[in-house]
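Below are two complexes that have subunit A in common, paired first with subunit B and then with subunit C.
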Partner chain A sequence: MSAGGSGAAAEAIPQNNIIAFGVLGGLIGIYGAYFLVGMVGQYMSFIGALGAICGMVWGAAAVRRVASYGLGTGVPSIGMLALGMGVIAATFGLAVGGIAGPVIALVTAAIIGLMIGVLANKVLSMGIPIMEVSMTEIATAGTITIIGLAIAMTGTFDFPVVLSQVISTGYIAVIFIAGGLAILHPFNACLGPDETQDRTLMVGVEKGAIAMIVSGIVATTNPNASGALTILIGIALWYVAFSGFYDRTKRDAYDVVGAGMLPSKEELE
Partner chain B sequence: MIDIAGILMQNILYVILITLGGVLISWSVHFVPVGGAPAAMAQATGIGTGTVQLAAGAGLTGLVTAGAMMEITSSAALVIAAGAVGAMIMMAVTMIVGTWVYVYGVGCPPASAKVKYDPITKDRQDLYVSQGTEGHGLPTVSFVSGVIGGALGGIGGSLVYYALMSVENGLPLADLVGIASVFAVGIFFVNAVIPSYNIGGTIEGFHDPKFKRFPKAVLASLIATFFCALIGVLAIGGL
Partner chain C sequence: MEPLTGMGVLALMGAAATIAGASEDLESDVGSQSNPNSQVQLAPQMMYPHRIYNKAVSGEPPSNALMCAIGGTTASVLMTTGASAALALAIGAIVAAAIHGTYSVTSYLGRSASQKRFKQPIYLDIIRSHTPVIMGYSFITTFCILVVSYLMVAVLAHPFPLPLLAFIWGITVGAIGSSTGDVHYGAEREFQAVEFGSGLNAANSGNIVRKAESGLRNGIDNSWFCAKFGGPVTGLAFGMTVFLSGWVTAVFDPSRGDAIGWVSVLAGVIIVLILILWNRNMEVAARAAFGTYKEDEAEAEVAA
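Our next item is the complex of A and B:
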C-alpha cells in the first residue's frame, strides 16, 4: 500500500539492487563519458546522460519509498531538497577533487543527506523509519544526476570547464529543474492505492530521457561535446520508456475505454 | 590539495554569516501563509502552492535584486536591503493577485479558521469561514505575516549570497557570480524544505498555533546550514 499515506511501499525490485544500479551505473556513466570523450571522441558524451538517468531512477525509487510514509507536504519538496543538496555536494566535489571529484561529491552528498535525515527524525520528529537512509540515497542520486548531465553538456567534469560552460551560463538551472523533475515527478504522478514500482520507475526513465534530450541540445553549443547522438538516443529512450509506461498503465488499469469526442451541439439537442 | 584549515580560519566570519542567513530563511518560511493544494481549491487559508515553491520564488527574486545591487556597490547593508525589498515585493504581489482571484474569481471572502478575530484588524473571522473548509483567501494578518516572511527570507538569501561573494578567491567575476548563486540557491532550497516538514505543509502566518514550532526548524537549519557553509566556503576559497 503506497497511497502517500502511511506504511512501507511494496516493491518488486529490492531497493538494494536499485542502489547498486544507481551508484555503479552513475559512476560508470560519469567516468566512462570522461575517459571515452578523451580517447574515442566527443560524441561519447552521451554516456554521461545515461549515468545521470541511472541516478534519476534511483532517486525516483528512493522518493517513492520515503514519500509512501506521508511527508505532510507535497512530494515535490523532497525532489527540490535532493537537487539542493546535490548541487552543493557536486560543486564542492568537482571544485576540490580533480579526477576523484565525482566520488568526493557522492561522499559529501551522502554526509549532507544523512545529516538532514537525522535532523528530520530527531529534531523535527517526523517519525519516518527510513528517513536517514532515504535522505542519503536522495542526496547522492541528485548529485549523480547533476554531474552526469553536466558531463553530457560539456564532455568533461574538469571544474573550470563545468564552471564556465554550465554554471556561469545558467544551464545549471536547466539541470536543476529537468533533473529535479525526473526525481520528484514519477511518484508525484503515480501515487495512489494502485501505484506499482515498475510503472513509477518507467516515468523516471521517461523524464530522464527528456533531460537527456535537453542536455543534448545544450551540448550542441559546446565544442567539447557532441549533441546529435545524445539527442537521438534520448528520443529513442523516451519513446521506449513512454510506451513502457503506457503499457503498464493499461496493465494496472481495470479497463481502458475510448470516451469518444465531445458531443456536438446538434447531438445534444 | 587545498589548505582546509587556512581557508576556514580566514573566512570564519563568512561561514557564520551564511549560517545566520540559512537560519533566517528557515524562520521566514514560518511567516509565509502557505496553503498548499487545499488553498488552491480555496479550502484552506493561504497561497495555493507549496512552501518550497513560494520560498524559492521569494528567495530567487531576493537573490536577483541583491545581485543587481552588488553590481554597483559593495555595501553589505544596501545589498541586504535590496534583497529584502525584492523578496517582499514578490511575496506581496503574489498575495494580492491571489486575493483578487479568491475574491473576484472563486467568490469567497478572505477568512482565517485558526483565530476568531484577526489580530490586526480585529475583524470577526469564524462567521465567514465556509463549512467544511479550513478558511480561504488571505486575511490581513496573513498578508502582513507573508510580507514579514518575504523580508526575512530576502535578508537571509542576500546574506548568504553576499558572504559567498566576499570569500577570497582567484575566480573571474562572472564565474564567481555563477558559483555563488548556485550555492545560495542550494542552501535556500535546503532551508526552505526543512521548515516545510516542520509545519507539515500548511501554515497561516505568525498567528497560527503551528508557528510556535519554529525553534525546532531553526535548530535543524542551523546545523545543516553550518555544514553547507563550510563546504561552500571551502569550494570557493580553494579556487
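Our next item is the complex of A and C:
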C-alpha cells in the first residue's frame, strides 16, 4: 500500500541503492562530461544530461517514499521545493567552488534539505518519520539535476559561463521546470493504491529523457556543447523508457482494452 | 515609444491572452486536470469506474509553466539562429504540445493502472481520441503565451529573457485557469445529477456523472460543456489581467517622470478597488436572487 495511505512504500529496489545510483551516477556524469569535453571534444557534453537523469530518478524515488505518507496534493509542491533548494545550492557551489563546485553544491544542498526537513517535522509538526532524510535526498537530487542539465547545455560548470549562458539567457527556467516535473511527475502520475516502484521510476527515466532533449535543443546555440548527439540519445532513451513504462502498465493494470463499456455490476463485486 | 503604439501592442497582447486563457481551461477540462481531478480519481474507489481522461500533470500552474518554458526556450534558440519570430514561436509551441502529450499519456496510464483493485480499465481509444485534442489546445495556449512574451521582449523592451517571461506567464495562465474555469466543470458538470447549488454532500463523493447525452461520458463531452461558459470566462479573466496590468503603465508611463509613475500606481489601486466592489455587488445580487439553500423534505426528516 502506498499512495493515499499513511505508511512506508513497498520497495523492490532498496532506497540506499537508489541513493548510491543518484549520487555516484550524478557526480560521474557531471565530472565525466566536464573532463571529456576538454579532452575528447564538445560532443561528450551529453554525459552531463545522463548524470542529471540519475539525479532525477533518485529524486523521483525520494518523492515517492516521502509522499507515500499521505502527502496527496503536496506532491507537486515538494518537487518545486526540490529544485528551489537545488538552484540556491547549485549557484552557491559553482560560484565559490571552482573545480570542486559540484561537490560543494551537493553538500550545501544536503545541509539546506536537512534544515527544511527538521523545520517541517519540528516546527510545522508534520510528523513524517523520514522527512529529514527525504528532504536531504530531494535537495541533493535537485542540485545534481540542475548542474547536470547546465553542463549538457554549455559543456562546462565554470560559473561565469553558466551565469552568462544559462542564467542570464533565461534557460534556467526550463531547467527548473523540466527538472522539477521529472522529479515530481512520476509519483504524481502513478498515484494510487496499486502503484509499483519500477513503473514509477520508469516514468522518471522517461521524463528525464525529455529534459535531456530540451537541454540538447539549448546546446545547439553553444559552441562548447553538442546539441545533435544529446537530442538523438535523449530520443532513443525516451523511446526505451516509454516502452518499458507501457509494458509495466499492461502488467499492472486491471485491464487494457482498445474500447469498451464500463465493468458490469457483477464484475465489480 | 509612441503611446499609441504602446496601446496597440497592449491590445494585441490582451487578445492573445484571452485566447490563451480560454484554450488553457478547455485543455485542462478534456483531461480533468486540477480541481475536477480529485473526484475523477476518487470515483473508481467508490465503485464508479468511468471513461474520463485522468490527466494529473501536477496541477495547472506547473504544467502550463512547463509547456510555455519549453516553447519559449525552443523559440529563443531558433531566433538566435536567425529564424523569423512567427516561425520560431510556432515551432516552439509544437515542441511544447508534443511534450505535453507525453505527460498526459503517462498520467492517464499511470493513474488508471494504479487503480487495479477498483477494477478501473485502461481504454486505449480514450488515449487516441483525447490526447490529440489536449495537444491541440496546449499548442494554442503556448503559442498565445509566447506571442504575449515576445511582444513584451521585442516591443515593450522588458528586461527579462523570453524563456523566463514565458515561464512566468505560464504559471499565471495556469493559476487563473485553475481558479476561474475549473469550478464550472468540477462543481457543476461532474454533479449535474444533484440539485443546482446544493454543494457536495459527502455521500455523493466520487459519484460523478458517467453517462452522457448519448453513450458514456468522456473528457471531450466535458470540454464541449465548458466551452459554453468556463473556457470563455477564463479567457476574459486572463485577458483582463494582462490588459489592465499593462494598461496603467502604458497610459501613465513611469519613464516620463516619478510623478506619472505614482499616478500609474494609483490607477492600479483604483482598478483593484473597482473590481472588489463589483465582485461584492455580484455576490450580494446572486444571494438576493437565489436565496440560501433549502433542505428538501427527505433530508429534513432524516435530520429530525
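Here is the rule we go by: the second predicted complex is superposed on the first by the 257 of 269 C-alpha atoms of A that agree within 3 Å, B and C clash if a C-alpha of one lies under 4 Å from a C-alpha of the other, contacts with A are read in each partner's own complex, and residues count from 1 in each chain.
Note that contacts are C-beta pairs under 8 Å (C-beta built on N, C-alpha and C of every residue); 3 or more make two chains touch, one makes a residue touch a chain.
Computed from a predicted structure; not experimentally measured.
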Residue contacts with subunit A in the superposition, subunit B compared against subunit C: C
Subunit B versus subunit C as contact partner of A:Ile88, first or second or both or neither: first
Touching partner for A:Leu191 - first (subunit B), second (subunit C), both, neither: second
Contacts of A:Val214 with subunit B and subunit C, given as first, second, both or neither: second
Contacts of A:Leu71 with subunit B and subunit C, given as first, second, both or neither: first
Which superposed partner A:Leu268 touches (first subunit B, second subunit C, both, neither): second
Partner chain(s) touched by A:Ala253 [first = subunit B, second = subunit C, both, neither]: second
Touching partner for A:Leu50 - first (subunit B), second (subunit C), both, neither: neither
Which superposed partner A:Leu119 touches (first subunit B, second subunit C, both, neither): first
Touched partner set for A:Tyr171, first subunit B, second subunit C, both or neither: second
Shared subunit A surface residues [contacts with subunit B and with subunit C]: 73, 76, 80, 168-170, 172, 176
Subunit A partner contacts - residues on subunit C that touch it in the complex: 41, 47, 49-51, 56-59, 62-63, 65-66, 69-70, 72-74, 76-77, 80-81, 95, 99, 102-103, 106-107, 109-125, 160-167, 210, 216
Subunit A residues within the subunit C interface of the complex: 3, 73, 75-76, 79-80, 168-174, 176-178, 180-181, 184-186, 188-195, 199-200, 203, 206-207, 210, 214, 217-218, 220-221, 238, 242, 245-246, 248-249, 252-263, 267-268
Of subunit B, residues touching subunit A in the complex: 1-2, 36-37, 50-53, 56, 171, 174-175, 177-179, 182-183, 185-190, 192-194, 196-198, 200-201, 216-217, 219-220, 223-224, 227-228, 231-232, 234-236, 238-239
Contact footprint of subunit B on subunit A as seen in their complex: 71-74, 76-78, 80-81, 83-89, 91-92, 95-96, 108, 111-112, 115-116, 119-120, 123-126, 159, 163-164, 167-170, 172, 176
